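In the two complexes below, subunit A is the common chain; its partner is subunit B in one and subunit C in the other.
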Partner chain A sequence: MTIKQESQKKLKELGEKLLNEIKSGENPYLDIPIRSLSNVNFNVEKQVLEIGDSSSKRFFFNISHIRKFVQTMEVAALAKELIEVDKHLSLRQVFYALRKTLPGTNIDVVDEQKESNDAIEDLEVIAKLTREQLHVNASKNGAAAGKIIIEDKGDRINWGKLGSGGWAIPSNTENIKFKKIDAKFIIYMEKAAMWERLNEDKVWDKMNCVIIASQGQATRGIRRLLQRLNQEHNLPIYVLTDFDPWGFYIYSVLKFGSISLAHLSDKLAIPEAKFLGLTGEDIKKYKLEKQKIKFKKVDLKRLEQLKKYDWFENKKEWQKQFKLMKEAKGKVELDALVTRGISFVSETYLPEKIKNKDWIE
Partner chain B sequence: MTIKQESQKKLKELGEKLLNEIKSGENPYLDIPIRSLSNVNFNVEKQVLEIGDSSSKRFFFNISHIRKFVQTMEVAALAKELIEVDKHLSLRQVFYALRKTLPGTNIDVVDEQKESNDAIEDLEVIAKLTREQLHVNASKNGAAAGKIIIEDKGDRINWGKLGSGGWAIPSNTENIKFKKIDAKFIIYMEKAAMWERLNEDKVWDKMNCVIIASQGQATRGIRRLLQRLNQEHNLPIYVLTDFDPWGFYIYSVLKFGSISLAHLSDKLAIPEAKFLGLTGEDIKKYKLEKQKIKFKKVDLKRLEQLKKYDWFENKKEWQKQFKLMKEAKGKVELDALVTRGISFVSETYLPEKIKNKDWIE
Partner chain C sequence: MAVTSQDIAEEMGKRMKSVSVAEFFKKNKHLLGFDNPLKAMLVVIKEAVDNSLDATEEHAYELKKKKRDFELPEIKVRIKKEEHGLVIIPKDDDIPVADLVKSGDSWYVVLFGEKIRASRVEKNEKFYNVDGKEIKLLFTSAKKPQVYVNGKKADVEERTLKYRITVMDNGPGIVEQNIPNVFGKLLYGSKFHRLRQSRGQQGIGISSTVLYAQQTTGTPAIITSKTQSKEKAVKLSLSIADQNEPIVHSKEYVEDFEYEHGTKIELVIEADYRRSGNKSVYEFIRRTSIVNPHVSFVLKEPKKRKIIFKRTSNKLPEEPKEIKPHPHGLEFGQLKDLLKITNQTTVSQFLVKELTRVSNNMAKDLLRKVNIDSGADPKKLTNNEIEKLLRALHKANLQRPPTNCLSPISEKDLRKSILSDTNAEFVAVSSRRPAVYKGIPFLVEAAIAYGGDIPKDSSQRLRYANKIPLLYDASGCATTKAIKEMNWRQYKVDNVSSSGYPVGPYIVLIHLASVWVPYTSEGKSAIANYPDIIKEMKLSVQDCARKLRMYLRAKMKEKRKQKRINLFETYLPEFAGSLSKLTGKEEEKIKEYLKKTLSEKYNANGDKRDDKEFNENEEEVDENDD
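Now for the complex of A and B:
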């Protein structure tokens, strides 16, 4: 079954369920898994965040349920159309497509984008389809370069022949075909400026790898792309971030999944991802003590939260890092490696770390 | 003379000037054009913002000047090295490279990134070299697709063969070579989601053009790329934005230049750029009245500022738009065109606008 057929089948099943309820005189309802923190668990065996079993019923004949019920149905109808014509819309565009008046009333299906966003997320968990399968695009950001040739929309694209820019990663990476993989691993980093540094030094050519960056948190498109390269082709994913709570959390989301998207961990999380960013020990090793930037209150607060997350709580190595970070009282950015030389990160830091398996999992 | 040679020559001239002053026992100084609003003028003939003739002298032997003087010299020394080894650093990386203690003192060259940023801008205006020529990268963002083949870093890149992602535009587009241009015009838009919509509809293939987007204000790399395509290859640049003060200002910066970068208008501004975004008349024409989103106070305040800018003040067509916007009391986003059909923007809006020359200049 193709992705398209699977999506159509699941939407059809949902429609038929409701139709049967109507025919047999029942009150049609949707069974919606609860997406709040109370229903999100950390699966220790799989090492990913997962959504639990709690759900709530949403009825058509219930004055406090009907608005959301109708919104979810309208999104389902739109998704059905998008899948049929093989076109995609963004979240914002879906909001406009749903911002229409119900016939015979003066009521609009949605008044704010939050309503259509919620309806899409509801449909994701009800029908067990990702937003990408519903043809609703997330944001687009980031670039890739290195030793992989892909096929996308009929084009054969060599990530090693794209000059100083690289391939712009689309919002949806579900349908990319990997045609030729010479890369031995992937380096993901949180900053486009570091990507340009590594690309200029041809790190991917010298080390036989691929470099990928977005800006801050990875987009869904990048997370899925990294996960597919790891699961389908056994490529190690190294995550390069600053030594600060925010950088560590970028790694955390990539590896374990996120609370708000816990229902999608099997499509997005990468339990095998390895942290290759700056550690507390690196600060001394690479003589970066002077390059610390003092934490603000908000950074320290975030650090305390991080320490207590289930997926970090029982990990000795991570607790050690949190302790070192608290003692350091400041962050150290990857960019600070430039004080050791313009190409120090490319010529020393990365080769040394990877050779010595100096990563944290 | 190559770009590299030109940059080296200008830096050398600056160094020699200071050396001569030292040798002849004078107080070495830098002559720095003033970059505040008071010294920025709108050149009516050229239709771009320009920096005026006011400048101030910064002396080495002056206790309130010396810190900035030394910072500028340190940036110049770093730029000289970067140019020689043909490598680039980001603004953040330059900050770290300069964050070092002066020998025999406990004084750091810079304490905050603002200082190194200012020093780079000072050097730009003193030596009449752009940040790109000094090998300091701006931010990287955006994608391109369409009927152009370029050469970059020895790679031949066909913008029409890059699947759903496109070419990721680098921060520096100075050295790109345009090898084959089949495009008849360029469409620039402010949102990546709209770019994905147009790319999925293969607008660039059907209309023989190139589509380029970033997120919000165009990066320097994109502005220079668009300017070069316009000036070197006479390609019209159409700018697609929302009907709101912020969208209009994105167009304004692309066309006339910006106040803070007025000294670079000859490298970045595109006086021939045409506005192809939503107009007041379009709201009625495309039945988008219902899709208005009410202005907040901050939007209305921005609108009042826009109206009074020199480059808009005497333009009847623009003043009419500002009037219509004030009457509309709300913005209308391009994404709202989806209420007319998923591909309405690709199949009707753009072809109709371009055929009827329905743009504003």
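Now for the complex of A and C:
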């Protein structure tokens, strides 16, 4: 059974279930696994986040459920059509596709994109299908450069020959074929500016690797791409972030998976990912004390939350970093390394860290 | 010649004289409620209607007791413009020159109450000589004539009008020799010395209106009355002398009287008239008819407006029994008066016969305690002894007074009557059991009406004492206090005014029935704030409010249910459409299934099924919506 057939079958099964309920005069409902911290478990063996068994029922005949119920159904019908005609829509386009007025009223099926986005995520967990399988794309985001040649929809692309922009990573990387891999590892960084710096220095050529960046949290497309490179081709993944709770959490999502997409950890999490970003010790080592930016309340609050997550709780090295961070009372950005020289990151920081295996896991 | 202090004292003594009751009230009109022309109109009609109601009812009770046919009360009130008055004011002077009055079809110029004839009439002009001035009236097509004073055009201003008020009833009539005293003597009456629920209490009401007419327009009252046995009605014209004695000006016997028996009073008074509003005659009659469903009223007003308030009940209310005073409510003066007028020869017999709830043994006991011989002559007790006796009576452990002296409207009649008046969507009524304040029995009835023809933007508070509406002095009234002290929001009344009244299509009615209503003043427009009375009023209104809350809740629930159904129906086609796309099943078929489920869930037993998932969160959501 192809992926397409599997998706169609699952959607049809969902429809049949509801139809049976309606025929027998029951209140039709959708069973939605809860996607919040309370229903997320950390699988110690696999070292990834997994969704738990808790679910909530969403009924049609319930005035506080009906709107979301109908939104979810609209998305399901739309996805079925997209799969049939083999076309894709972006999240924004799905929003417009759902944006119609109920006859005889001034009620719109959706008022804002968040509603259609939520409906898509709900459908993913209800039907156990990914957004990609539902033919819905996020906007593309992120760039790659380095010693890999791929094939995408029949086009052969050499990541080493794409100039200053690199390869724009699509939102769905499921069907990318890796043709030739010379790179020995991947460096993922949270900022496009740093990526451009490293690309200009041709770090990937000098160090024989691939550099990938997005903006902030890695998109699903990038996460899947990184996971495949790691799992299918045994390439180590190094994550380069700032010294602050948000940077640490970007690493956490890549490695263990995220809370809201815990049901997709199998396809997104990279338990072998290594942290190569700034550590508490680096601040002293690279004399960055003066580059600290004072934490705000919200930063400290986030730090406290991170400390208590199951997947960090028993990790000595991480708890040490949290402690140092609390003592530092401020964050230090990777960009601050420029104070040590324009190409300090490419010529000193990265080679030294990798050579000394100076990473955290 | 030296002036001694003895001379001065004698001189002062000569100037002192007693002031008659009539004279006193002449100078203190406001005490009887004649504060302003508008109120005067109401007070006159109220007093006459009170009298008619008491008379007609008592008549019916007597006939009923004798097992004879009786007519239910009918009362007719007529208000007629007697004089159209204008004041002539010259252009260069603020001081009015004279009054201009239309009497019938003719116009007169009036100075100091004297009508002046025109000295000359030319075509459409009339000339008068008044106080050395020549006044010309020019009649054009306009209703009012144009006025010239010494050739200069003058302004005319409307002035207080005179009205002829007629109130007529089908009561027993009054025997000829009693008429002068009933209408021409203050504080004369049968009601002051007895304890029974009646409208009039002191016997000042009707004679004070005669006095008011006399003072404001100089006209005597005209009383026509016919008793069953006489062939003709007697018609008297009378007024009240300063010494509080009636003066009969004329007497004749007339054949045309509308009823077989009854009484009619006609008064010409200075007053103001309003067609509608809280303090209009219309409102007074309307409110009176609400609590007197067995009475039929006819109101004839200026401009040929005739309103008939039909009776909604053909049953005469229970007759209130007369009771003797209860010792706990006695006051010194009252006890002294009773001792003086009693026919009993011993104090102990006086206590047993003239008061209620005192037994022979108890009387002897009491008298022994205060050292008064039980065989003593009641007329010969000293003030000191009366004082001691009163204190002992107040402390005595006695049964509460009997309550058959009260005549409530009854819940059934009150409801019917309010429904007929307002066409209300919902009416709650409550009739409390009798209670006692200061030894005086009383009973409270209340009603709350909601919706129907009741205006949405205001709430009406109908206050009554002994079946008579109270229109003035609301702020000082016990009923107002009772309503204000309620927590209306607790009863699902959302909109409450800052002073604590419910706002919206509500009528709140409170009726106090008592053998002695404690009014705050002689004007009888507000009930004094006795805690015992306020407490009963609150309990009664709360009783109604609880029923109202139940009704409003049910109504809200129904509204919510409808809202839910509407919401389901709105989303239903959309769901059917998407499910049809998913499964390939026809959209119409899915709609049919869903509609069937919906109607089964909501209409099986008039309410939705007791499904947990159905009810989830709905309270919360609905509260927000409202």
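Definition applied: the second predicted complex is superposed on the first by the 315 of 361 C-alpha atoms of A that agree within 3 Å, B and C clash if a C-alpha of one lies under 4 Å from a C-alpha of the other, contacts with A are read in each partner's own complex, and residues count from 1 in each chain.
In this text, a contact is a pair of C-beta atoms (placed from the backbone, for glycine too) under 8 Å apart; a residue touches a chain by one contact, two chains touch by 3 or more.
What you see is a predicted model; the values in this text were computed from it and never measured.
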| item | value |
| --- | --- |
| Contacts of A:166 with subunit B and subunit C, given as first, second, both or neither | first |
| Subunit C versus subunit B, contacts on subunit A by residue | B |
| Touched partner set for A:105, first subunit B, second subunit C, both or neither | second |
| Residues on subunit A lying within both footprints (that of subunit B and that of subunit C) | 81 |
| List of subunit A residues in touch with subunit C within their complex | 11-12, 14-16, 18-19, 22-23, 25-27, 29, 57, 59-67, 69-70, 73-74, 76-77, 80-81, 102-105, 107, 109 |
| Complex contacts: residues of subunit C adjacent to subunit A | 563-564, 567-568, 570-571, 573-575, 577-579, 581-583, 585, 590, 593-594, 596-598, 600-601, 611, 613-614, 616-618, 620-621 |
| Subunit B residues within the subunit A interface of the complex | 81-82, 85, 87-93, 95-97, 99-101, 137, 139-144, 150-157, 161-172, 176, 192-193, 195-197, 200-201, 215, 290-291, 333, 335-336, 338-339, 342-343 |
